[in-house]
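What follows is subunit A paired twice: with subunit B in the first complex and subunit C in the second.
And now, the complex of A and B:
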């Protein structure tokens, strides 16, 4: 044990004896690992917010489909659902996409009954829209920043319906620290949203809140109501009931949500890992050969020389992974993910006005260490093995 | 009745190197010799005569391409790499150049052979300082190898060779970089080492070693000179 400890401790010396070689390896490792750790942190942060949104959202979501594609829900269903025992409340919502400005920025319009946002006044700079007022908008912080909108700003007509074109007014801006989905959203009254999309009497979904403990019972009762399969001139609509659990089940689990991150990471790993291997095994080869030969000449066994290199590699990997994790925290926390947001959030600019959600977990950091160790140890041990198995006299010439 | 086994023995030992063009260069050509335990051996001869090659074979730093080399009845030509490493732990080798681990303090360089024996760092430093004092380098333990003069490096190399308390000391021109006074000190040190019962094998051009030699070997063109 003492022998192993003594040999292993010289791995620390080896790290310090070659500061340039160690620093180069460390820098390459951080370049490989940092985007991976940061991306994994962003992915986890986004997932947290989605789970939170589901948790605080309605108990049941009622949508419809036709030909297997989403279709609007008739507003008559609201009254039918409200009458079902166990239902505390039900209200319609419109969610749709429009583009704004000369740059045609995509923006999500959310139309809600007036009283639904009134209680959220503290989340808004300015005020929510007033009941009965039309074309009053509350916009997300990111959208306001990109379109340079202030409270009171007038928005030129961006939609046209049978009653013509309307100028809209920004009456409120959502706080920047709200979840990411609020960044590019445009809240307005349900009626205003209906006019924007020119769809009177229809909603994209109905949100149902149940009395505590009644969610499944309400779901069963709603399924048995014939009116929930309304017919129109084109035939019956297929009404879909989704609970919180159903929505949570749609979320990607395990490593699937990191797919994009891994793709990016592997591209970077290939781009940077190969030079890294060359640095660790090629450029430092002459020095490593000489050291390994000297140690062998002084009576070291081959496995002792390799253990020394292994400890050196593990330390570089540990330092690289730790440094990458700290830098990822600084990048995401202090710099709000500048430069990396667009990679993981398609369409987002390099710097965003909203607070980027992230959570750094131990598993990606551990994985970063394993990747780092594999890359460094491969280069180091290969070079050392070749040197340590050659006659010392030849390598010392 | 046969006597005790020789400490070192070679039988028709050959070492052929391949040049870049693939041609064979016969550095050692059929050398047979027997070195009893406790001998003081000098190996002399012109440059390129095979002295360093013979020393490398005796020190288990290289394998012969023909014949055999034995240390304490262990066939170094056929021994496994681990067995050869174990043999090297029983020997102390002074190289022509110091071959230090750059950046490592001198006392830790000197005590480097003690690492695989599990000697802790603090003890290694103490032993390193003691060995350096023994070769006239007291107080230089914290110096970096690259700060030493050629003569100091030579003495540090001897100190390192003694670190593992070796059965035999093999040295390749240990006084080549030294002035006369320093060389005299090294010769005296080798005498002490030999007087302590160790086998000493020195490749040298220095006539100061000649009076100590119990066996004098001359090599010329890879062969024992008559």
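And now, the complex of A and C:
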């Protein structure tokens, strides 16, 4: 046992005997593993925010469709829904898109009833819009940063409306540590959003909050109400009801699908990385042969030579995986994922003003170690085995 | 091999995994963020995907807004020439 430990400790020395080779292997490992650990961290952080969006969001989302495509919902349905037993509250919401500035930045307009965001002053630098005030906007941190907007900034008319366009005022900027979807959003009152899109009496969805334990019962009752599928000159509107459970079942599978594609890409990268490292470790092949032959000539057994190589590989893998994890944490936390955000969040610039969500988990880090060890050991042990099984005189020649 | 090099390597072999383990432990369980929860309560739940706006794929921003995704046509190389949606 003591002999084995002594042989194993020479693995540490082997790493220091060839600092350039060790440093190159370490750098290659970090380059391969770091994006994987960082990407897995962002995927997990995003999933946390998705779960919050479902958990703290409305119990039921009522939307409509025509021709199988999304269609606006008439506001008359709000009263019908509120009258259903078990419904605590129902409110309309408008979610639409406009483009702003000479660079035509896409911006998500969200119109809410006056009492909604107005009660969440701590989320806003400045203030929320005032009930009854028109054309007051609260913009996301990312949008404010890209358009260089401050509280009090005035936006010239950016929409067309038959009753006339107005100058809008930025009265608040959302905090940077809110969900990523708040970054490019322009919040305003429901009436202001209706005027921006020149649509009166319509919402893109109705959000329903139910009394505790009544969600499914309310959903069943809503399905049985004829007024919920209003008929106009164009025929009946197909109303769609989505509950938290529907979303919880639908979305993680979608996100896992994306995460799976990401993982698949990295499996391919690792698969390419193994022969790559074998080729790069070929630089030190002559050194390894000579080293193994000398050890054999001194009386070392083949398994002892391999043990020494395995300890060296394990140490490099441990250092590589640990360094990749630390760098991933620093990159995502201190640098807010600068340069990599756009890869994971479509539409985001290389550096964002909002806080990038991430959570580093042990499984990807452990996987990084296992893969690092496999990559390094494949190159090292193969070369050592060939040298150690050959006659020393032949290997030294 | 110098004694200093060996000491440095051993220090790195202990410090790096310890730092990594501390970072993993610190982020092991998701912290409920008061601001984010409050925001989602106020707006009724907004955002359920990786996209940060509606321009490329509304479904990627929030499938509650639109369930289809124009990016489903992404592999078609002549999409813009054909006038297909998504740009």
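The criterion applied here is as follows: the second predicted complex is superposed on the first by the 366 of 397 C-alpha atoms of A that agree within 3 Å, B and C clash if a C-alpha of one lies under 4 Å from a C-alpha of the other, contacts with A are read in each partner's own complex, and residues count from 1 in each chain.
Everything that follows uses one rule, which is that a residue touches a chain if its C-beta (ideal position, glycine included) is under 8 Å from a C-beta of that chain, and two chains touch if they have at least 3 such contacts.
In this text, all values refer to a predicted model and were calculated from it rather than measured experimentally.
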- Touching partner for A:2 - first (subunit B), second (subunit C), both, neither: first
- What is the contact status of A:233 with respect to subunit B (first) and subunit C (second): first, second, both, or neither? neither
- Query: Does the superposition put A:108 against subunit B (first), subunit C (second), both, or neither?
  - Reply: second
- Quick one: classify A:13 as touching subunit B (first), subunit C (second), both or neither. both
- Query: Thinking of the overlay built on chain A, is A:299 touched by subunit B (first), by subunit C (second), by both, or by neither?
  - Reply: first
- Message: Contacts for A:391 in the overlay, against subunit B (first) and subunit C (second): which applies, first, second, both or neither?
- Response: first
- Item | First, second, both or neither for A:204, with subunit B first and subunit C second | second
- Task: Name the contact category of A:291: first (subunit B only), second (subunit C only), both, or neither.
- Result: first
- Message: Tell me which touches more residues of subunit A here: subunit C or subunit B.
- Response: C
- Query: Both subunit B and subunit C contact which residues of subunit A?
  - Reply: 13, 16-17
- Message: Which residues of subunit A touch subunit B once you look at their complex with the stated criterion?
- Response: 2-7, 9-10, 13, 16-18, 290-291, 294-302, 304, 389, 391-394, 396
- Query: If you look only at subunit B, which of its residues touch subunit A in the complex?
  - Reply: 56, 59, 61-63, 81-82, 85-86, 88-89, 91, 93, 95, 99, 101-104, 108, 112-113, 115-121, 160, 164
- What residues on subunit C touch subunit A, complex-wise? 1, 5-6, 9-10, 12-13, 16-17, 19-20, 23-24, 27-28, 30, 33, 35-58, 60-68
- Note on the structure: In the complex, subunit A touches subunit C at residues 12-13, 15-17, 19, 41, 46, 48-50, 52-58, 61, 63, 69-70, 91, 93, 95-97, 106-108, 110, 112, 116-117, 119-120, 122-123, 142, 174-175, 177-185, 187, 204-205, 207, 209, 242, 247, 250-251, 254-255, 258, 315, 318-319, 321-323, 325-326, 329, 344-348, 352, 358-362, 365
